[in-house]
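Below are structures written as structure tokens.
You will see two complexes here that share chain A, one where it goes with chain B and one where it goes with chain C.
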Partner chain A sequence: MTSTATAPPSTAAIQARGLSRHYGRVRAVDDVSFAIPTGTICGLLGRNGAGKSTVMQLVTGQEFPSSGEVLLDGEHPVENARVLSRVAFIKESQKYPDDFRPKHVLAAAPSFFEHWDADFAARLVDEFRLPVNTRIKKLSRGQLSSIGVIVGLAARAPITLLDEPYLGLDAVARQLFYDTLLADYAAHPRTILLSTHLIDEVADLLEHVLVIDDGRIIIDAAADDLRGRAMTVVGREGEVEAFVRGRTVLHRDRLGSIASVTVDDVTAADRAAATAAGLELGAVSLQQLIVRSTTVDDSTGTAA
Partner chain B sequence: MDESRPIFLQIAELIESEILAGALLEGMQAPSTTEIAAFHRINPATALKGVTLLVDEGILVKRRGIGMFVADGARDRILARRRATFDDDFVTPILAEAAAIGIDPDQLIDRIRKAAPR
Partner chain C sequence: MTTISIAPPVRATGTSRVLANARLIVANPWTTLTLPWIILGVIFVANWCIWWLIARNAGPGVIENATQGMAWSGAGFYLFVYMMVVAIQAVNSSFPLALGWGSTRRDFSLGAALVWIGLSLVYATGFTVLGVIEEATNGWGLGGVMFTAIYFGDGPWYVRFLVCVGLLLFFFFVGSALAAAYVRWKANGLYVFFALLGLFLIGAAAVLTLTGNWPWLGSGIADLGVAGLVAWSLPVSAIAGLIGWALLRRATPRN
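This part shows the complex of A and B:
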């Protein structure tokens, strides 16, 4: 029975433990721990400069942690060819040699990615209308992004990291990316970590959400659990204030005698109570929840 | 999708509504989670969670290797449950709004009679 005894315990695709990266006094990533289950699409969300790109560079072994560790399928990534051959990392600001054209990138890709699907890549080149023979220097920001998107999808890497993959892509191309990502993920399940600030657009695609702010993880939850976690209560100021007393207030607005207050950690009983009190309830989107959670809001008297 | 509620619950309700409307008949194959995910542009795992909920409730049955099918008696079970929650879901809110704008229950009943198609 040695075969069953040696089976490794199931591990997260990406696991960070006490991970930190400091640049002098700047704590770009500060004591971060999380686990991304194998085979999920996870969003890494946060403001510019929050630490998203640094987390991705640490995960892919391109940066060294100041302390803590990161494991991919249970192994350290730094200079670990066996692990890194299963990883595709599409960077926001990928640099290419000066005389490169997109066709050169696509020709080189199979030597980096063992699951590379050239037919799929060719189809994506058509759909994204990428001019493969133009010098990369001459491409628009959107066309540059589409190279990354095509490589990231056609690589079919078991662990795929996409860092702001679609800067400059228009709405049609972004929708094409979302639809292609979902279809290809369904046919070829893999672990995908996607960083973006277009939160409303990707909210429904995500199974798990990590929100990073100021180098720290402030939300680590299943995407569906975050829906309905916060609500906005609208009504006469006195009644609204009475209802929200003692709750986590994320935001306050006022219009004359009407107050609109966003509160976190809401239960079904809270909703019923608010309705019974004659207050109007408004839904809070994932984007609004994150905006409210990562903004220092003077009206609540605390750094929310 | 409604921002205030989990997507998997909304997926389950949509499938139930199709069964109620007769678009999905008992014994018919239900859409696959991949089809549901692509159509609604949602995560396939979330679509699966919605379908699994309906399997647990006996609305859908799984036939291994083929897919999901609408269970016998599914329509009656959905009807019974929706009728049981109808007062909370619809009657209570309309009574509250009627009271807020000065329509008493008798007047409300008259209005419903007038508005109902004959």
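This part shows the complex of A and C:
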């Protein structure tokens, strides 16, 4: 199981098999398996405390599995310089040495990354308006985040993990981050795993989506498949209930005799049938789908 | 927009990864190389003023006496504590950063060790040069003692140099081992560490008392002399370095 000679040549940049991390009785990550193909942008979505950061720490060899394994380019990451030298892991909560100014971070980072692009880093410093000479302690939340974002992008690491990297960034800076990420990813393809709870903001970036809830992966699908996967059916309660019977119901709303029910796993034939039955169909955004999937089922209330 | 694809430079080697970690720890040279000398300079000037006051208000015979007393000057001691703090800070905050940037724990530990050895040589060289000047100028013209204090031994300059290197290494590596215990187990790690250290010292004291071996210890230390003691600190520093690495090997950075 710990052999580094992987039998079938795998194209997965990141692969987890039965991966678990338990802290006493807390199952932070519980029997998780997934594969992220090389050269994709994958979203790791979930609520706070769902296990996103622990998964990322396991992937980067910072945390040790309780059972199962994780492979980067087919190799175990723990203390493995060959694969880790291709990895950048940027955390929103990253601490920096107390005496540092951003310029010290930007001076130290390049020697860790083979593909570091200094011009790109300089351009990002301008665009994010990062004051490079201010002591890190005095930076705002957003400026602190922008250091991580700049390092994470300019590093051009073949495997880049971004753990909620934009906390405190304003809407303009976040958009700048998304646009830059997408453009640079197109020019320099690499594998990116982005954890976030701002799902709708990143929905268009993502090619693949992993949703983790309570330590378990509950959705592992191509983003395109997810976009059309769920729908909201609106109509008279009786007719709606008749239509959704036997289907996976994610959410129910009632207003008088009108019911609005969100159902999962919808096919084109289902849509046609619903329309024929005189029911109204509504699109379900990725965020809604995930919110509905990760909320404790309450068939009447409005979920968080 | 930088759309040109950059040619991959030479594959990152083990050496370059160790050096990257060393560079991270000294990324702000103000902390590791500039500020300590400034503080040392201020302490020196303050001491010099005191020596001057003594020289001015006391007769020449008194100075001789005062110089003897000043051999016990602890003015230079702050540097060693400062460097211990540097080591603690580096392991506590640079280690998580380095791991995020794809370093192994091993490369970080080696990079840190490289910095500790380098800084020990730099500061020991400075202390030795200043000590030689102190001797040559007969205590900066005033019979003062700061860089030839008794703690560095009463031997020639090269013995003082080695003593100084040994002391610095001790403070650096013990500092990093403490910080590694903290990174690994947070405050609990330090409680356990100091509890064990306390138990060890009490146990050693008990053994010495029960076997009546205190005089043996005392004369042993006296026989060793400062240089001998510091020579014995080298294996202790090396063990602290290994303990630090062993702790970091299974450590997970947490914020």
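By our rule, the second predicted complex is superposed on the first by the 290 of 304 C-alpha atoms of A that agree within 3 Å, B and C clash if a C-alpha of one lies under 4 Å from a C-alpha of the other, contacts with A are read in each partner's own complex, and residues count from 1 in each chain.
The rule is short, and it goes like this: a residue touches a chain if its C-beta (ideal position, glycine included) is under 8 Å from a C-beta of that chain, and two chains touch if they have at least 3 such contacts.
From a predicted model like this one, the values you see are computed outputs, not experimental measurements.
Colleague: Chain A superposed: clash or fit between chain B and chain C?
Modeller: Here chain B and chain C can both sit on chain A without a clash.
Colleague: With the two complexes superposed on chain A, say which partner A:41 touches: chain B (first), chain C (second), both, or neither.
Modeller: A:41 sits against chain B, while chain C stays out of touch.
Colleague: How wide is the angle at the Cα centre of chain A, looking out to the Cα centres of chain B and chain C, in steps of 10 degrees?
Modeller: The C-alpha centres give an angle of about 150 degrees at chain A.
Colleague: For the overlaid complexes, name the partner, chain B or chain C, with more touching residues on chain A.
Modeller: C
Colleague: Could you tell me if A:183 is touching chain B, chain C, both of them or neither one (first, second, both, neither)?
Modeller: In the superposition, A:183 contacts both chain B and chain C.
Colleague: So, A:100: does it touch chain B (first), chain C (second), both, or neither?
Modeller: second
Colleague: Scan A:224 for contacts with chain B and chain C and give back first, second, both or neither.
Modeller: Only chain B is touched by A:224; chain C is not.
Colleague: Touch check for A:88: first (chain B), second (chain C), both, or neither?
Modeller: The second partner, chain C, only.
Colleague: Applying the touch criterion given at the start, work out whether A:62 contacts chain B, chain C, both or neither, answering first, second, both or neither.
Modeller: The answer is second: A:62 touches chain C but not chain B.
Colleague: Just chain B (first), just chain C (second), both, or neither: which does A:273 touch?
Modeller: Touch partners of A:273: none, neither chain B nor chain C.
Colleague: Once the structures are superposed on A, label A:114 by its partner contacts, choosing first (chain B), second (chain C), both or neither.
Modeller: Once the two structures are laid over each other on A, A:114 reaches chain C alone.
Colleague: How many Å separate the nearest C-alpha atoms of chain B and chain C in the overlaid structures?
Modeller: Result, nearest C-alpha distance in the overlay: 11 Å.
Colleague: What residues on chain A does chain C touch that chain B touches too?
Modeller: Shared contact residues on chain A (touching chain B in one complex, chain C in the other): 183, 187.
Colleague: Touching residues of chain A toward chain C in the complex: what are they?
Modeller: Listed in rising order, the residues of chain A that touch chain C are 57, 60, 62-64, 79-81, 84-91, 93-101, 104-105, 107-109, 111-115, 117, 119-120, 123, 151, 155-157, 183, 187-188.
Colleague: What residues on chain C touch chain A, complex-wise?
Modeller: Of all residues in chain C, those touching chain A are 1-3, 5-6, 8-9, 11-12, 14, 16-17, 19-20, 23-24, 27-28, 30-31, 89-90, 93-94, 96-107, 249-250, 252-253, 255.
Colleague: Flag every residue of chain A that touches chain B in the complex, lowest number first.
Modeller: So the residues of chain A touching chain B come out as 40-41, 178-179, 182-183, 185-187, 204-207, 223-225, 227-228, 231, 275, 278, 281, 283-286.
Colleague: Across the complex, what residues on chain B touch chain A?
Modeller: 1-8, 33-34, 37-38, 40-46, 49, 93, 96, 100
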